[in-house]
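Multiple structures follow.
Here chain A shows up in two complexes: once beside chain B, once beside chain C.
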Partner chain A sequence: MYPLTRLYARKISGQKLIYIFFACFFTASFFYAFLMGKPQIEEMLNINIGIVGRKNFPEFMMRFYVGTVGILFNVFLMTLFICEEDRNKMLYQPLLHGESRSRMIRSKIDAAVLMSVIFVFLTAFINYLTAFMRWGCEIFEQAAVIRTVMKYLLSGIYMSVITIGIVALCIYTRNTWKTIFSAIIYLLIDQLIDNANIVFLQKIWVGYYFNRWTFTYEYQNIPFSELLIGISIMVLYGIIFFQISLFRTKKVDF
Partner chain B sequence: MITRLLSIQYVRLKRQKILYLFFVVMAVVIISNALECAGSSEEGGMGYYAGGRFPTMCMQSYIDIIGTLFLSFISAVLICGEKASGMFQQPLLNGVSKKQLLIAKTVSIFTVALICFLFVAIVSIGTGFFLWGSHIFDDVREYSLQMILLAFPQITMVLFFVFLSLYMSNIPGMMCASLIILLVNNLLSQFFGSYISFIDFMYYLYAFSGYNGMKLTGKIIISGIVVNIITGMVLVYGIRRRTNHMTM
Partner chain C sequence: MEKIISVQNLRKTYKKETAVENVCFDLIPGSIMGLLGTNGAGKTTTLKMITNLCSKDNGTIVIDNVSLDESPGLALSKVGAALDTPGFYQELTARENIECFAHLYENISDGQVMELLDYVGLKSQAEKKVKKFSLGMKQRLALARAMLGQPKLIILDEPANGLDPQGQMNLYHLILDMAKERKTTFIVSSHQLHDMEKLCTDILILDKGKSILQGKTEEILSETTDIVDCILEETKAAESVLSRCQGISLVSQKGNQFTIRLENICFNEFIQKLVANHLHICCLSMRKHSLQELFLKLTGGTEPCIH
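Right, the complex of A and B next:
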């Protein structure tokens, strides 16, 4: 790993809020696993433990991180990591030590993507751990495990693309509140496009396929063709966001 | 002096483009909710809120995450942002006391909370009237009572955000902490509502807005008001203590 990337990764992992967040996530997963079976809770949350429990539990819990909460959490971390550094005049520090602008932003993106993927895998680990504590080996049904791990991998790709998008946004706006607000607008547009019947827009929207994988194909296998198209669209968005970040960094006046 | 400080805060708030953007976003959310309700059957879930229950649904969407995060954001901008940029102590150079400064900031955040809440109430009733006519007034007594009661947890919420902002050093940190607190509170309210209702003022944001079909009973109303008043007093004490010990 490039030393600057390692330095940035260490800087992000030093944020105490990350550990608090995942401790809370573990508590949430634990409560859901152990208390969801109570009839009054099932009725209140409008869920059926027979469907969402056991082998399906890790997939059910995925929606609590990947999506709104995960994106907001990543936005807050990235604004702390980029916008606040920029405001404190720390962003260009590596340039004083002979690093190039493009190397600096590549390292930032590498560290951010690495962290977002680790977070997704951490949620997967937490959900499997609590499910194992509650139902034991019942959760390890081969087909379900392959399907769930596949969905977590796809979530990792989606969250990486969104993270690169957030980095591009941070570099473009160079302002905390504008970045946070733009991310909230993105989440609302994502929801609107998902609910609307504009087929053309849906086909080219970065979040559309992920929403289909999470909700339409919940506890089911995803068709190969849809998988291929979805990943291609996400990778395309990822490349565009990456190029925007590089282009903008070259133009930035520190 | 306090009037002058308040007018400065209001001028600053009026210039925040985010406030106007928030109104646009909330209007889009309300209209999209209304269209979804109008297009769903009552069995489908959303159709249940069509007509007289629509303002209740909009209050729930506002209270759930958008509104609370927005208020946290305003507190973060007015307190953490100014602290970070070194502007927080500027009025102190002109003879203003720390207490007056904090009162002016808290009152201006209260005003924003009130305006946002009234905006949601008026736009939801207006949109509902446009779609369902006078049926929007079928449950007027229920949602008016909810709106009045929601004032209590919202006031306490503002005090809580002011208190938290005094401890946090930057906007993203404050937002992240607020997100975590909201999620934990949502979790506790769902699973341990009957226990935490005695200590957690945020539980009443859900209870008073009829979240997850919670019914408003006399016991909930009284305990909600009492818990919020006590927590509010503790927070005021905490804010005063923090303000006195804070090095600017």
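Right, the complex of A and C next:
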């Protein structure tokens, strides 16, 4: 791994926020798993253990992470990683040690994407662990495991693209609150587009395919054609976000 | 002669405001250039353009025969810099902070990191978290970071900020030693004009983004007009005579102590005028302008008059 990428990955992994977040996530996952089966709780949370429990529980909790919570968590982390570094005059430090601007932002993106993928797998591990603690080996039904792992991999792709987008946003705004506000706007637009019947807009919207994978094909296998077009759109968005980050970093005056 | 840095026609504008205009200078190895100017004169912008942190509208910068425009990475690999208020990873120790950036270089061992910390007087504080450091300690740590990779050119933006007199002296000795022994070149922006006069081999004074004076410190100060410090017995009469006297200007007055600039007359003529006007001279000495006086003269400031 490139030294600067390693430095940034270490910097992200050193954030206390991560440990607090995953402790909370484990607690939430644990309580969800163990509260299921109690009718009043199921009614309150509007869930049905018959559907979301046992082998489906990891997939159910994946949506909980990737949908909104995970994106906001990544936004907070990236603002600490980029906007706050910029404010503390640390963002440009590698440039004073012979690193180029493009190398710096590539390292930032590499580290951010690496960590976001690790977080997705960490949530998978936590969700399988709590599900195992609640239901034991019942959760390991081969077809369900393959399907769920596949969906976690797709979540990793989606979260990587979103993370590159957040990096681009941080580099553009160079302001923590503006970035957080913009991310909230993104989540609202994502909901709006998902619920609206504007087919053309939906087809080119980065979040649409992930929503389809998780809601339309909830606890089902995703058709290959859906996968192909969804991944292609996401890769395209990833490239666009990457180029925006690169362009902005080359132009910015520190 | 070999130049470590050559800056030509540097220019930067922010919207309609010109921050830096036509700044040019060359430095040879081992020289120390003082970059002086009032707040907002364009010092930091100039330094940021040299370190490529800020784009320039015009001009060329060549560092150790490498153009900054063509090979920024290679050119800046020869530069170390500590700009603005130094930023660090607050949760890490001094050693860890330096190590973070030491990993960006090849062949910098942990031992060398400790040597650097020792060099700037922070060896005993190496395991202390930076968030507990005073501003002066951060300045020294910033210098240690700027020294990573043994750069040929070190750029320091107001490095004496937050340092106590002892710390300032240590810093200046450090700079002088490095310039002398390692032939490291320094560009130091500062408001400590008395210290810059003693420290710097070269001076560049900026005012409103323009270079208003530059050259070798010795030459600049030797070419200035003479300054006379005198104590005259009768203050009122002395004020009256001096205000009428042609060819001089009053720089400052503290009671009956006068500092006078000789503009168009020589020292002997000045004394003759005092004697002719029956002024009793208690004490009289002549010297050249100090850098501070020259700076204030050029930038339109005045010395404070403390009675």
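Keep this in mind: the second predicted complex is superposed on the first by the 254 of 254 C-alpha atoms of A that agree within 3 Å, B and C clash if a C-alpha of one lies under 4 Å from a C-alpha of the other, contacts with A are read in each partner's own complex, and residues count from 1 in each chain.
In this section, a residue touches a chain if its C-beta (ideal position, glycine included) is under 8 Å from a C-beta of that chain, and two chains touch if they have at least 3 such contacts.
Quantities reported herein were computed from a predicted structural model and do not represent experimental measurements.
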Combined model on chain A where chain B meets chain C, clash or fit: fit
Which superposed partner A:M115 touches (first chain B, second chain C, both, neither): neither
Chain A as apex of chain B and chain C, Cα-centre angle in degrees (nearest 10): 80
Which of chain B and chain C A:N195 touches, first, second, both or neither: first
Touched partner set for A:W177, first chain B, second chain C, both or neither: first
Touching partner for A:F31 - first (chain B), second (chain C), both, neither: first
Per-residue touch tally on chain A - higher for chain B or for chain C: B
Touching partner for A:M61 - first (chain B), second (chain C), both, neither: neither
Shortest CA-CA distance between chain B and chain C [superposed frame, angstrom]: 11
Residue numbers on chain C that touch chain A, as the complex places them: 48, 51-55, 72-74, 76-77, 79-81, 83-91, 100-101, 103-105, 145-146, 148-149
Residue ranges of chain A touching chain C (in the complex, touch as defined): 3-4, 6-7, 11, 14, 88-90, 92-100, 103, 251, 253-254
Footprint of chain A on chain B - complex, ascending: 18, 21, 25, 28-29, 32, 36, 65-66, 69, 73, 77, 81, 84-85, 170-173, 175-177, 179-180, 183-184, 187, 190-191, 212-213
Contact footprint of chain B on chain A as seen in their complex: 17, 20-21, 24, 27-28, 31, 35, 41, 44-45, 68-69, 72-73, 76-77, 79-80, 83-84, 87, 176-177, 180-181, 184-185, 188, 191-192, 195
